Amino acid sequence: MNNEIIYILIASFIGLLSFVLAALAIQSKKLSVAVIATGVVSLFSSILFLLMAAPDVAMTEASIGSGLTTLIYFYVLNKIKKYHA
Amino acid sequence: MKIKNLSVSFIIIMAAWLLLNWSFQVEIVLIGLILSLLLSLLFCSKCQLFSELKLTPKAFAYTLIYIFVFLIELVKANIDVTKRILSPNLPINPGVVKVETTLNSKMARLILANSITLTPGTFTIEIHDNALYIHWIDVKNSDVTEATEILARKFETYLKEIYD
Amino acid sequence: MEIIQYLGGALLIMGSLSLLIASIGLIRMPDVYNRVQTGTKASTLGAILSFLGVGLLSIENWSETNWIGRVIILIIFIIITNPVSSHILMRAAYVMKIPFTIDTKVDKLKEDIENKVLEEPKDE
Amino acid sequence: MIKYLILIAVAIILMSLLGGLYRFFKGPSLVDKVVAFDSITVNSLVLIGVMALLTGRAIYFDVPIVYGLLSFLGVIVVARYIQGGL
């Protein structure tokens, strides 16, 4: 088997999964579930960037999109919950 | 005490630098020496993290034996959990048991709790003074001393030699 | 040096099978606590074995550098951080008061909380 | 021969990703979803490592190191959020 065909297969599989997770993030009623789903989407997109031969972008996406964004969203959610209750 | 903290953190940072570079050219080793000395002076001049560690050859040998025992336990317990997952009627018998440890230093308790957590089937939920509350997937004996004998004794004897 | 290659391949397959078993356990187990048990820790062993296999396979093929040092760093980090995160997750489940399954026999932590030996775990 | 072994490993890892996703969709409570998130994280870490092996370039292996350093951060943040004090 050729290498390119394998990459295309893996990339389409990962892209399908991230599409489903993005749909879950839009549809879900609870905000915390949506934030975690967004983290998984950015993790999958980091794999996609790696498959497209861009390791630096993949590193940035993994650290910022999946680490820092989740932290800031949950910090804000915690503040909101405190002021509403 | 301060010299010990500094030297242990210096050795750890230097080992990480050499492992990441994986080459022993002169300039790389020199830069690593300067950087790790600087970092350990900056960030670990007041820390108490390694002050309970013994630095004798016996403790070093026991560390190696401890790592070996821990790896064997990891593989053995994983095979046990694999059997439990793949058998069709899920033979689990979970419960929360209490284990009392005799270790005094905080670092040794941390390593004991992490080792118990990493060997599957047992899981530390809460630590209070010298009592560990452990979720066990297959409770063989819920008595405190018996559970201590089964779960914690094999790690405790080695950790007692490494830490005070 | 064919032997190192086949050893690395065997380690890689064993590690990925262990990951698969962890995910089967994640599906089949009846409550949160058992899911945390099987799901996060069989995957720890799977990650360790797979990365060892990757490191062994990378020795022969590509001449620039081999990845053994980085693999060792990564394995040490997985061993240090994985029990911490799963422990804090289990504690969060206990704080949320998610019920155990009906199979659960003993709960020494609840008994000790009722006997006032220690106070209830919550945020610090 | 070795290449087929690596491909089989990739297929098994993708299957275990699907198992994590099932628990992520199904999970009754928030903690179940976070457990599934942790499992997906470890699986994709191994997947990135194997992809780096397939392409054979050393710089690709920096991504799993960085992500392995940061991956437990998300789980700890969500757990602290559940316990009430972030």
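As written, the chain order gives the labels A, B, C and D, with residue 1 at the start of each chain.
We take it that a residue touches a chain if its C-beta (ideal position, glycine included) is under 8 Å from a C-beta of that chain, and two chains touch if they have at least 3 such contacts.
None of the values given here were measured: they were computed from a predicted structure.
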Graph distance between chain A and chain C, where chains that touch are linked: 2
Between C-D and B-C, the pair joined by more C-beta contacts: C-D
Chain centre separation in whole Å, for chain B relative to chain A (CA means): 32
Interchain centroid distance [CA atoms averaged], chain B/chain C, Å: 15
Centroid spacing, where centroids are CA-atom means, of chain B and chain D in whole angstrom: 24
Chain C-chain D separation of Cα centroids, rounded to whole Å: 11
Multi-chain contact sites of chain C, meaning residues that touch two or more partners: 24, 36, 44, 65, 70, 73, 82, 84, 86, 91
Contacts with 2+ other chains: residues of chain B: none
Overall pattern in which the protein chains touch one another (line/ring/star/complete/other): line
Contact footprint of chain C on chain B as seen in their complex: 16, 18-23, 74-75, 78, 81-82, 85-86, 90, 92-98, 113-114, 117-118, 120-121, 123-126, 128, 131, 133, 135, 137, 139, 142
Contacting residues of chain C [partner chain D, same complex]: 5-6, 9, 12-13, 15-17, 19-20, 22-24, 26-27, 32, 35-36, 39-40, 43-44, 46-47, 50-51, 53-54, 57-58, 61-62, 64-65, 67, 70, 73-74, 77-78, 81-82, 84-86, 88-89, 91-93, 95-96, 98, 122-124
Of chain D, residues touching chain C in the complex: 2, 5-6, 8-9, 12-13, 15-20, 22-23, 29-32, 34-36, 38-39, 42-43, 45-46, 49-50, 52-53, 56-58, 61-62, 64-65, 68-69, 71-72, 75-76, 78-80, 82-85
Interface residues, chain D side, partner chain A - complex: 7, 10, 14, 17, 21, 24-25, 30, 33-34, 37, 40-41, 44, 47-48, 51-52, 54-55, 59-60, 62-63, 66-67, 70-71, 73-74, 77-78, 81, 86
Sites on chain C touched by chain B in the complex: 18, 21, 24-25, 28-30, 33-34, 36-38, 41-42, 44-45, 65-66, 68-70, 72-73, 79-80, 82-84, 86-87, 90-91, 94, 100-101, 103-110, 112, 118, 121
